[in-house]
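Dropping the structures in below, format is structure tokens.
In what comes next, subunit A is part of two complexes: it sits with subunit B in the first one and with subunit C in the second one.
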Partner chain A sequence: MNSVDSKPATSSLIGSEADSQRTLYPYVTGTSVVGIKYKDGILLAADMGGSYGSTLRYKSVERLKPVGKHSLIGGSGEISDFQEIMRYLDDLILSDNMWDDGNSLGPKEVHNYLTRIMYNRRNKFNPLWNSLVLGGVKNGQKYLGTVNMIGVHYEDNHVATGFGNHLARPLLRDEWHENLTFEEGVILLEKCMRVLLYRDRSAVNKLQIAKITEEGVTISPPYALKTFWNFSAFENPTLGAEGSW
Partner chain B sequence: MFRNQYDTDVTTWSPAGRLFQVEYAMEAVKQGSAAIGLRSKSHVVLACVNKSSSELSSHQKKIFKVDDHIGVAISGLTADGRVLSRHMRNECINYFYSYESQLPVGRLVVQLADKAQVCTQRSWKRPYGVGLLVGGLDESGAHLYYNCPSGNYFEYQAFAIGSSVTGCKDILRAQDALFALRETLQGEKLTSSTCTIAVVGVGEAFHVLDQETVQALINEFEIAGEEAPADEAAAPDQAGDSESGATAADQLLQWTIPQQPHLSLQEPVNWPRTLLLHACFHGFLGTKKRAALVLHCKAPSINRERQPEE
Partner chain C sequence: MLEDEELLVKMSREAMEMPPKGGFSFDLCKRNDMLVKKGLKEPSFLKTGTTIVGLIFKDGVILGADTRATEGPIVADKNCEKIHYMAPNIYCCGAGTAADTEAVTDMVSSQLKLHRYHTGRESRVVTALSLLKSHLFSYQGHVSAALVLGGVDVTGPHLHTIYPHGSTDTLPFATMGSGSLAAMAVFESKYREGLTRDEGVKIVSEAICSGIFNDLGSGSNVDICVITQGEKEYLRNHMLPNPRTYISEKGYTFSKKTEVLRTKITPLTEMVEVIEGGDAMEE
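Showing the complex of A and B:
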């Protein structure tokens, strides 16, 4: 019984065999999701890219999904974890429907439920590697919130994940206002998505915009944004360059 | 009900298809002191008679706040009622933790009913000996439910459980009878010390009214009822409503004149809070008096079982 030789006490969660049970890093990821409140409800935008590291591997990934009657979810980060979250939400909505009473879970409830899941996983050192945007309308009340892999969650009039926080939110802070019409909302979102397309290396030029109102959910078919490269510096690239190297 | 060879445990059916232990449990509810519940579109009122074992002891608590939006009044084995209230509080808190919104009343009563059902199908258990009047508010409005030891639940516009409620139920049922009833009631001794009242409503969390408030209500009710107030003094009208006794009397008159032929579950009455409370008192007084009226509520389609025997 030599205490010097005995193995130091380790938690089984931090041992190497337990690593196969934990998310260490993401593999196939989606990039930014941007969401805004507008007059009739919520608008969400996300591109359809699934990157495998720096490779833009999958180009038809649907990252915007309806949840029940009253909510829309957009997910960035690890795609397989997003699919897992969709399974949890499908089960949740199913149980909610099985009560068959007049009640239904609204976006606020779904957002809180997701927050509990994300935070709980984070506490177990096995996060769902996602940043989610959750928006919806119930009984005339609009709701837009976000929650990420560490459980940080909040609601606002406009939210974004990932690069969207740095590139889209400043635009939204300047140009968002109450009672945007649908057309104004789409123009604003497209402006944000275009900047992301220019500047985010994981962005692909194929996106969807989703709308949710009291009436229901509509997710647009995929389409591409027009981009503008006619900068004078691009037309005359060697102007001002000396010699050649 | 008489003893028979099929009533020893809850897992024995009688040849007539009855579970006697469950029925005996429902008897226990009938032996408890009265509890009444009424609801309108925006409020639910629960009231119960205070029973204490002696003049020197405190009375048993029979009304419990389950959450800000739900309260329960019990009749029967109060210990069982206490335990079930604790369970209900837990359910509400857990729901709020996961969803940050209030548990809909309808779901709480189903969970409660399922819990009660378990006790009717295990040989090592006994049914809960308590009837619960669950009153609460949620997105779809104000609700009053009755949960019984059998595991059934029903939604009501107004209901009464416990001893000597036949008269009371009658009163609550026929709205035009309210008027007639007032005439038949003699100054029964109804004071704030013999009853407990609790209210939940839109913009008003569930709370038990304090003694003064109740006494005030009683007094106003008696003035409105034009009865010789031979009882204790009264206080002015309670929180929120600032009407004089005369106006309240007019209002009560106005409402007791038949406005609707019956209290219908499908169209809850749009009674102001005060009147709901007054109607409660009518009901109370009815527990001590036998009235000739019969109260019945139309059963909603959500009931899966036959009506309880009344």
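Showing the complex of A and C:
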């Protein structure tokens, strides 16, 4: 007894009836990651917030992780997908080590691997809902690149994900230059993270800065930025304009 | 007699059914909803590209704007003026639909002038603010004008932002438009209290340049307006960071000209009627 199938035509294009396993929207998300090249290597910064919609659910999410000997990854977007990506990368590094041939995967190779994963998932309409920053140093060559959930990838002297593109990139375009020292790099990153803290609603004031050089990876312990809220215009904003805010 | 009374009651009942004067009339909402369900595409509002900023410094207010007017993907006007005159001591930057910002600022500027004649006093920024916000609110966001209003009056320097739906903010520094995030990044990292005029102008220029170079909807030049107690400086095209380069030094010549075979000049006979003591042209 067949009645007219009322399912919309699009579902047959996107996937079989049995797949309710496609990512439709993210649930627990991390906000921007900002990365810059400096004199000795790469610096990455990300805060430690995991938002569940508009609630700030998790406040100790580590979004910066080392990958192998030569790379550092920062992930924004769906946290569970980022954890899945870390599993893929761990398998990749493990297989690479098992060869025991004296070669190790550098940041360029890892970036390419990530790009392939992200793009292939996107083509199956089941993306990993992330924007990733991949940085590293191998044989003196610094590398900093980014991939996002649709597979768009590029490398540059400074990259950012999410809101960082709108708020941090303008600052970096103005103030980044070759051969920043470590201290200058940290100051620049903190400046970007502070603006993001003020103007991104999903930012938290608990961040980590990670450094990768030829010697290895260092991820700082979490700390908070100093903020300033005492502008005199904020004290009594409606003094001259009763009823506004 | 009875019929007249009935008529009167009927007429007064009809009069009561009319919507009360003032306030927003929601009569057409049901019909609009029905049309949308039938497939009518509601007119969306145009967010035309712009970067406009304002900041309060030690002695007054500095307003800044880019000069690009876009029509979709095309630059319609490379050097338009986005800082509008409201009163001798009040200026207003406008983002959004250009016609809306022009019309609304012109209208409130006229109202302020009439008010000045009526009261005999300098206009206050909160007056302009109230006139603008009540006009925009009554149009429920359909007048797509996002404004940065700044000026100095007897009560001091003021800076406000006004959104298309009619809400306002009072701020020490503000940005609006598609380039607002790029400009706000500069403000948030560089603004402090008690800036001098030159420092303020420098920060405003940097913020607008950040919008010009990082936002596709903004471009061309930087306009600045500095307002202090009793005086204002309108710096049109204060910075031109996008000059035309690579102009060919040789100039352009067209090698092959059209050959002139024959020249014949035929003067036209003149017919002129001279009216003695004629009237001036009537308008």
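Throughout what follows, the second predicted complex is superposed on the first by the 223 of 245 C-alpha atoms of A that agree within 3 Å, B and C clash if a C-alpha of one lies under 4 Å from a C-alpha of the other, contacts with A are read in each partner's own complex, and residues count from 1 in each chain.
FYI, contacts are C-beta pairs under 8 Å (C-beta built on N, C-alpha and C of every residue); 3 or more make two chains touch, one makes a residue touch a chain.
A quick note: this is a predicted structure, and the numbers were derived from the prediction, not measured.
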> Which term applies to subunit B and subunit C once both are placed on subunit A by superposition, clash or fit?
Replying inline: fit
> Given the touch rule stated above, what does A:Asn179 touch, subunit B (first), subunit C (second), both, or neither?
Replying inline: neither
> Quick one: subunit B or subunit C, who's touching more of subunit A?
Replying inline: C
>> Just checking: does A:Ser54 make contact with subunit B only, subunit C only, both, or neither of them? Give me first, second, both or neither.
In response: neither
>> Just to be sure I read the superposition right, which of the two partners does A:Thr227 touch: subunit B = first, subunit C = second, or both, or neither?
In response: neither
>> Going by the contact rule set out at the top, does A:Lys108 touch subunit B (first), subunit C (second), both, or neither?
In response: first
>> Between subunit B and subunit C, whom does A:Ser20 touch in the aligned arrangement: first, second, both, or neither?
In response: neither
> Mind checking the angle subunit B, subunit A, subunit C on Cα centres after superposing, to the nearest 10 degrees?
Replying inline: 130
>> Looking at A:Leu171 after the superposition, I want to know if it touches subunit B, subunit C, both of them or none. Which is it: first, second, both, neither?
In response: second
>> Once both structures are overlaid on their shared chain, how near does any Cα of subunit B get to a Cα of subunit C? Whole angstrom is fine.
In response: 31
> In the complex formed with subunit C, which residues of subunit A make contact?
Replying inline: 163, 166-171, 173-174, 191-192, 194-195, 198-199, 231-234, 237-238, 240-242, 244-245
> subunit A touches which residues of subunit B in the complex?
Replying inline: 97-101, 104, 106-107, 110, 138-140, 302
> So in the complex, which bits of subunit C are touching subunit A?
Replying inline: 56, 124-126, 129, 133, 155-156, 158-160, 168-172, 181-182, 184-186, 188-189, 193, 206, 210, 213-214
> Hey, which residues of subunit A end up touching subunit B in the complex?
Replying inline: 99, 101-103, 105-106, 108-109, 112-113, 116, 139
